[in-house]
């Protein structure tokens, strides 16, 4: 196996490291799902993964294509109805980490997956929020992961699909939201966490070989860096092998 | 609603229960999506429909592309695992083939609204939409203050479709219906609706399942129609797998108005419920 | 509440989690009533308790007769299939051995209140108490107006016990719990509580049940205690039958303060959780 | 088998006759449960019986001792949770007949099973309402069955556990209750239905051998009789045999 790794692989692996055995993780599809399963297959075998289709404690052998794949149910501890999932499990305050992707986000972790342009007459109609509005407010914390791009990381999102830190500062508290909101952003280039006061995302660690210039060129707001900027440890052989094996198994299963 | 299940051909069930202008819910959360039933409604030409579903996917893209939909009530409109719905986008962005009214919610709101419908309540309250933009664009998101704590909670009206459609694994000979696996919102969809049409893979003597399995008694269902493979290209837990190629293919079909029209004519408008059994060949368990 | 199940002896689980003055819910709807757990709390002497349960029966009669209960929150206080609860009556009618505060609801209200507790909501709304007298005597029954229809609905505050106790058939080695048969309100009781103690008939390698069976993940449970027969004299579906003679006998024991005291001393206060296994001999399936 | 029958047997059998194959019946324990199961075992094999413990479509071989016997679950089509039972099935408007017993009732079918005397300082503390308050308001109709006695059938009940016709007339409608309320009362002596206007229970049929005097002597209000008073047909051999066999099976099962 090559020691070289892609930014995408680094992103998934860095995200997986943030998860622990104790987490009850509400998993969004796509990049979050890969990260959560790599965590489960490496350092956090006891993590509980929940998908909004109702599957609790699921251990898929391959990455699900959708939020409701049969594999998720077949390997789950139990599968509940969708209303129960949103009422007892998410709103009930049992989720420690809501793990979301985004089409568009701003520096305060507010997410847009609804429309590009005006809501009533959009330039691009996106799928909408799905579970995200309440995942963002009911999970104890929210982790986010996305590839950096000027289209994705913007100064102003077009629609508040789900609320991160709003205008920053104590905006969540002012709205009566008791959970922490976005506390971690993992991109293909860096690891970000919010400034403790302003809640603006600040780069804490650059992935190996990534420059500040690259980060800024793919981000629509003026990037702040930690004064003690670190370098993300590269993927270990085990992490990389686990991720590549999972992707290989997934491709094989999908093709069949 | 108390009714008595009749075993009917799908054509007859749709003819009897569906009319222009109705609100219809074809539910299924990735699993057990009632494609065959939806295609039958498309074939019979009903229009001005209000279509309700948490996760409208290919099958609602088809309805919208055919110009049968006046309004869509939903929380996530995507092609699962693939991307956007291109006929839906064309309707919202360009008004083609006609303007589409939308009422958009979060999943939590839709799930609560179906739950309220099933529970015979006029509305549901939940902790939702905090800081989210939908409550500013949807008149059907209001609030209620808890009389004990003073907390302001979100409120949405109950969903009460004219007809709910679901696909299930089995019915017994009396018409009791069993759903297993990812049960989604199907029970609530049926119980919230004025009438319910259920397509099933098979009819058995005895459901023979777990005492707490998800079962809909025959008197909650209006019609039962045997359509093997009726959830294709989605899957039926224990019966057949998802046809992932069909989802990928849809992205190409729906990308072009003419390709869409030709495909619909061949595969839906001139097809029949019996065609579904062939479509699951090679996917069966 | 997110916690991690520990396998503990019942004595230790109660010692760690229960204190004077707490609100406790020992739930079970005729089936799987956690008698062993309740007896352990009685033995350890906790007092000034608020006891919550839809159907307080023998076991709450025992708590009340011992003078451990400050307040009872309930919807039906009877000896199932037999009649009235005589210790409960003595407390309400005569203040013996101490005055008992009561908060009384209908089943629908209690079920909704637990449901709201499980769902993390401060209250629940439902169509209830229409014309009924309880709403005139209970300050915890209010109303909310539907913002869409104007209908006035009943509202009750969520139940959030300090500790919920249930008895279940099985746990696996990680501490995931399976309940089958009449599942009652047990899942909601556990999910609404700050801590949950579960007694089980047995620990198995694998729960090996239906995908949609009622399972409580280990991180919703504080402690798991193996107590075979721990629901006696109620029953455990698939394990043993109800001991009907014990229910009939209770009517006589509870009829007299002294007989009650002697019986409690012998069968509860100086007994142990291990005694339950003997009590189900001859009732096993 | 003897052709003689007890007033209790007549009561149960007369009550069973009111039920049909199409009914979805929410069954109270005791006399209602016996009547519902006799209906199921004779002329209404397709009746759906629901017990508040969550059992739907149950077909017990013996009479349950409690509302949550294992027998009810083992013979049920399905068993749901208690909150689901009250939310989706009762409040959802799916029950055609709520079948209730009572400790105390008045001429308008209002029921008391809460207290004798004052609520705050009762002479006798009864079990309370359980499911009855909402069974009485959410079932399409309510049937009632009880043995006549001056203690049971009173001019004024001590507590409104569940609402029948209130003060009579359109009192239900005035409270916004949309269901019909009590439409049938079967006692050990007679069959009663409400006056269409005043909603006061009126005797329509006397059981064989029963006199008006006996009915009045065991009823705390001034009894009204239908101008065309009928006689209840006596139990048929089949009805009586079915009831006695059921009671015998029940006794045997309870003893074992």
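Quick notes on this structure:
Letters A, B, C and D name the chains as they come in the text, with residue numbers starting at 1 for each one.
The rule we apply is simple: a residue touches a chain if its C-beta (ideal position, glycine included) is under 8 Å from a C-beta of that chain, and two chains touch if they have at least 3 such contacts.
Quick caveat: nothing in here was measured; it's all calculated off a predicted structure.
Of all chains in the assembly, those touching chain C and also chain D are B. The pair with more inter-chain C-beta contacts, choosing from A-B and A-C, is A-B.
Taking each chain's centre as the average of its CA atoms, chain A and chain B sit 28 Å apart. Centre-to-centre separation of chain B and chain D, using mean CA positions: 40 Å. Counting partner chains per residue, chain D has residues 73-74, 79-80, 87, 91, 138 touching two or more of them. Residues of chain C in contact with two or more other chains: 115, 119-121, 126-127, 151, 181, 183, 187-188, 211-214, 237. All chain pairs that count as touching, in label order, are A-B, A-C, B-C, B-D, C-D.
Interface residues of chain B, counted against chain A in their complex, comprise 29-31, 54-55, 74-78, 80-81, 84-85, 88-89, 92-93, 104, 106-108, 111-112, 114-115, 126-134, 137, 151-152, 181-185, 187-188, 214, 235, 237, 241-242, 244, 247. By the touch criterion stated above, chain A contacts chain C in their complex at residues 22, 24, 48, 56-57, 73-74, 76-80, 87-88, 91-94, 96, 138. Chain A makes touch with chain B in their complex at residues 29, 52-55, 64-70, 72-74, 79-83, 85-87, 90-91, 114, 119-120, 122-134, 136-138, 159-163, 166, 171-172, 175-177, 254. Those residues of chain C that touch chain A in the shared complex are 1-2, 4, 115, 118-121, 176, 187-188, 191, 207, 211-215, 217, 219-220.
Only residues 119-123, 125-127, 140, 142-149, 151, 153, 155, 157, 180-181, 183, 209-214, 237 of chain C touch chain B when the two sit together in their complex.
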